[in-house]
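After this come two complexes, each holding subunit A, first together with subunit B and then together with subunit C.
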Partner chain A sequence: MIDYLREIISGTWSLFVGLGITIRYFFQPVVTVQYPYQTLPMTPCFRGHIELTKDEETGETKCIVCGMCQKACPSNCITVNGEKREGVKGKVLTEYTLDFTKCSLCGLCVESCPTAAITFSKDYNLAGVRKEAYIFDLKKRLEAKN
Partner chain B sequence: MHVDPEIIRLLAFLVGVIAFAALNAAYLVWLERKEAAHIQRRIGPKEVGPFGLFQPLVDGIKLMTKQLIVPAGVDPVLFKIAPILVMVPAIMSFVTIPFSETLVARNLDLGLLVIFAFASVNVLGLLLGAWGSRNKYAVISAARVVSQNVAYEIPMLVTVVTLVMITGTMNLHNIVMQQQGGFWHWNILNLSASPLMPVAFLIFFVCMLAETNRAPFDMAEAESELVAGAFTEYSGMGFGVFFMGEYANIVIGASVATILFLGGWDCPLGLFPGVHWFLIKMYFLIFTVIWIRWTFPRTTFYGLLNLSWKILIPISFFNLILTSAMLKVF
Partner chain C sequence: MSAFAKSEANETFVLNLGPQHPATHGVLRVKLTMDGEYIVEAEPVLGYIHRMHEKMGENRTWAQFLPNTGRMDYLHALAYNHGYVSVVERAAGIEVPERAEYLRVITAELNRVSSHLLWFGAFILDLGGFSPLLYAFDDREHILDLLESVTGSRLTYCYFRFGGVYNDIDDNFVPGTRAFIKRLRDRMPMYHNLVTKNIILMKRLQEVGPISAEMCRKYGATGPVCRGSGINFDVRKHEPYSIYPEMDFDVPVYDQCESMARYMVRMDEIEQSLRIIEQGLDKLPEGPVMAEKVPKIIKPAKGDYYHAVETARGSFGVRVVSDGSNTPYRLKLRSPTFSNLSLFGEACQGMLLPDALALMGSLDLVIPEIDR
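Our next item is the complex of A and B:
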């Protein structure tokens, strides 16, 4: 009999505890982010497609056209080309193409780059109707940024 | 031409009651969605109108434009009559509910009995609709609804009998009038009549949840187990009328609880009594009903029946005996 009553009382009490938890949540601010109207800043670890970084001093790319990223890429989606120019030390970048349709975002190119010329972008709004839209000319993107 | 003003008054009340039931059904859906959203820290409906306030109207238009499909093999009469059998008793019950001292369609001497008589027709409507649908899920749902309602009718009525013994009347207006003058006069705190009155209120409230098939006792609908239970085969406004009936029943349940236990239109501190206090208490109870739905998961069917037969019925009978003893002694 005592156990019966104790179970009823503790059971009823636990129901009130549960109600207390939900009503606290009820008055807490909402956490939903209304995506197309509001966006959250991307976390530093986010790995989007790669992009070229620029040298803070010259404003140009840091790429020395060594081709390490091209060699490191397991899916062969990077094409790097450069040329020798008069009066410029080393090679000058003429083409940096990323075929994003094949990229698996493994990040080996970023790891292998000796001058930290490439990094992950924070670009996640990727949608399109044509495959060609995903063959990025990273050099042009960098110039467009400048 | 002479028209009896009583007829005009009754017609006005009829239109008012139907409008009140329909408006409540529409906006309780909105309240339910908003409250559920905020308990889960979401926003809820927000696109249609300010705070999504036009959402119920748009939903209603959608339901009305949809085709009323009558599947092959259903019982055509029962299938069509069931939504009406759920809706009409709910509206009938509004007739005798006093919203304030003067605002009542018909003040019947047996008002309480009328409400409980009509409230039990609701189950019949669900049973007929489910049986007529020729759908296994609907039939399972109907069997559950009937056994659940049989189980919960008993503690509810025993609690009400206890209350009627204290008040000595079934006239809802008189029951409220006895509780006037502040919250310490309300039946929920009428400890001199029975020290178990708050418990009686809890029993009544739990039974009301079960009678209106609300979570955690929503065995009838049980969307994760039985598709939509008794409503599985209904489409368009057939489904809509069922839903209006369900919400109207919740409003009735909350109103009866307000009248019996919470002093009806009486102000807790004895100031400015009126219809607004009735509505505040009623909507607070409805808020609690929704709050409970979004707090507790559905019970098992055995748990549901055990709760009634092993806990609620013994306690309500004990309360009945205690109250009658105290009425005799004091």
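Our next item is the complex of A and C:
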């Protein structure tokens, strides 16, 4: 009988202790951010979808069309094409397409690249309504940046 | 209880729990034969998100399977990374630098804490309490920020590589992690006051959901489920890998065999993981994070290799059979939750439905890992 009453009292007290914690936290500063009105900075290490980097000297892409990224990709979402041009050593990049619908952001392509021609972008606002919006033409993106 | 479980009319009905049900944490379906509120028989139906990870492994090169490992158990992805890279390193004979091993253990333990915090929130949510989830997510957010600054992603990590880790930590990682350990240690008494000592939680979990040690052995249950039944088994202690032998930590074991015991095991494990992280940060050596001589195309020698790691849910084992080519001949993944779920059918017989859901929550199911 005494145990029963003791349990009721200690049980009720435990509920008040919990309520006290909730009330204490109610008056503490808010920890959430009102996205999209406020955003947080991305860490430098953040792995977004890939992007072509440009050579600081020429302003052109560093890609040598070796196809290593295409081979390294587990989901076959990279298409690289190039052609021989007269007067230019090696191949010239004509197409670099990323099918982001299949990409799992693993970063194996960036690691495999011998010339550091691709890097991670910091884009994360990638909502869209059409599948075609996720086929990125990275060459065009680079040219638009220049 | 059993007096009610057998009605004279012997009238039962079938109740479908899932595949879309908040308490099943994903797409698990349980076919329940009910007698009123009591469960006569429960049959888990699996395969709703089966993605053929094992078969995928056989069709990709060794390195290309790495992102898959993070997508099986998305709550403790780094342990899965660890299991896979370890077995391939064993097969290919790659030596890992010490700093890389320390980073692997530190990040994997951080990930374990985040997994337990998420389980804690979701479990209380199953029992009907909402606010603890928000407290747990507040703490978990700090871990995700720390891990994002090192690994580059927030959930499905792919950080470990054959021979080391993907990149070195930045300057903020060590002080940030130390600050987080202090913060979580300060918050743990709050969690216990808010939740563990709460009379409603105690009444829901104590002496409810018995899983005997015998049953754990029969079904091969590992992790907090078997440690809550008095079996002292932790791969980190009993088949030590990586640098765990150098770490000083305890394996929490409770022998009450009830849902509350499994709850307490996980809460104590958070503290033990923090101890491991702290020791790892103290001892963190300087040096490279990647082995120097790692071949670009890995071709392990012919043979059969196995490696087990302790994930937040139990023992995860990878068995690879190599035929010397650049793809695995066979890749077998032993997932802990599959075994832990298997005992659910036997454990919940004659239980009230809400109690069975509390039992299911205490098993800490992650469905993508069961289905693989």
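The working rule: the second predicted complex is superposed on the first by the 114 of 146 C-alpha atoms of A that agree within 3 Å, B and C clash if a C-alpha of one lies under 4 Å from a C-alpha of the other, contacts with A are read in each partner's own complex, and residues count from 1 in each chain.
Assume a contact is a pair of C-beta atoms (placed from the backbone, for glycine too) under 8 Å apart; a residue touches a chain by one contact, two chains touch by 3 or more.
Quantities reported herein were computed from a predicted structural model and do not represent experimental measurements.
When both complexes are overlaid on chain A, the residue A:Ile23 reaches subunit B alone and has no touch with subunit C. Look at A:Val31: by the touch rule set out above, it reaches both subunit B and subunit C. Of the two partners subunit B and subunit C, more subunit A residues are in touch with C.
In the superposition on chain A, no contact is made by A:Ala133 with either subunit B or subunit C.
Of the two partner chains placed by the overlay, subunit B and subunit C both lie in contact with A:Leu15. With both structures placed on the common chain, the touch criterion links A:Leu105 to subunit C but leaves subunit B unconnected. Look at A:Phe120: by the touch rule set out above, it reaches subunit C but stays clear of subunit B.
12, 15, 18, 21-22, 25, 31 are the residues of subunit A that lie in the contact sets of both subunit B and subunit C, per the superposition on chain A. Only residues 8, 12, 15, 18-19, 21-23, 25-26, 28-32, 34 of subunit A touch subunit B when the two sit together in their complex.
On the subunit C side of its complex with subunit A, the touching residues are 60, 63-68, 71, 131, 135, 138, 141, 145, 148-153, 156, 158, 161, 166-167, 170, 190, 193-195, 197-200. By the touch criterion given at the top, residues 35, 37-43, 202, 291-292, 294-296, 311, 315 of subunit B touch subunit A in their complex.
The touching residues of subunit A, when paired with subunit C in their complex, are 7, 10-12, 14-15, 17-18, 21-22, 25, 31, 43-47, 72-74, 104-108, 111, 120.
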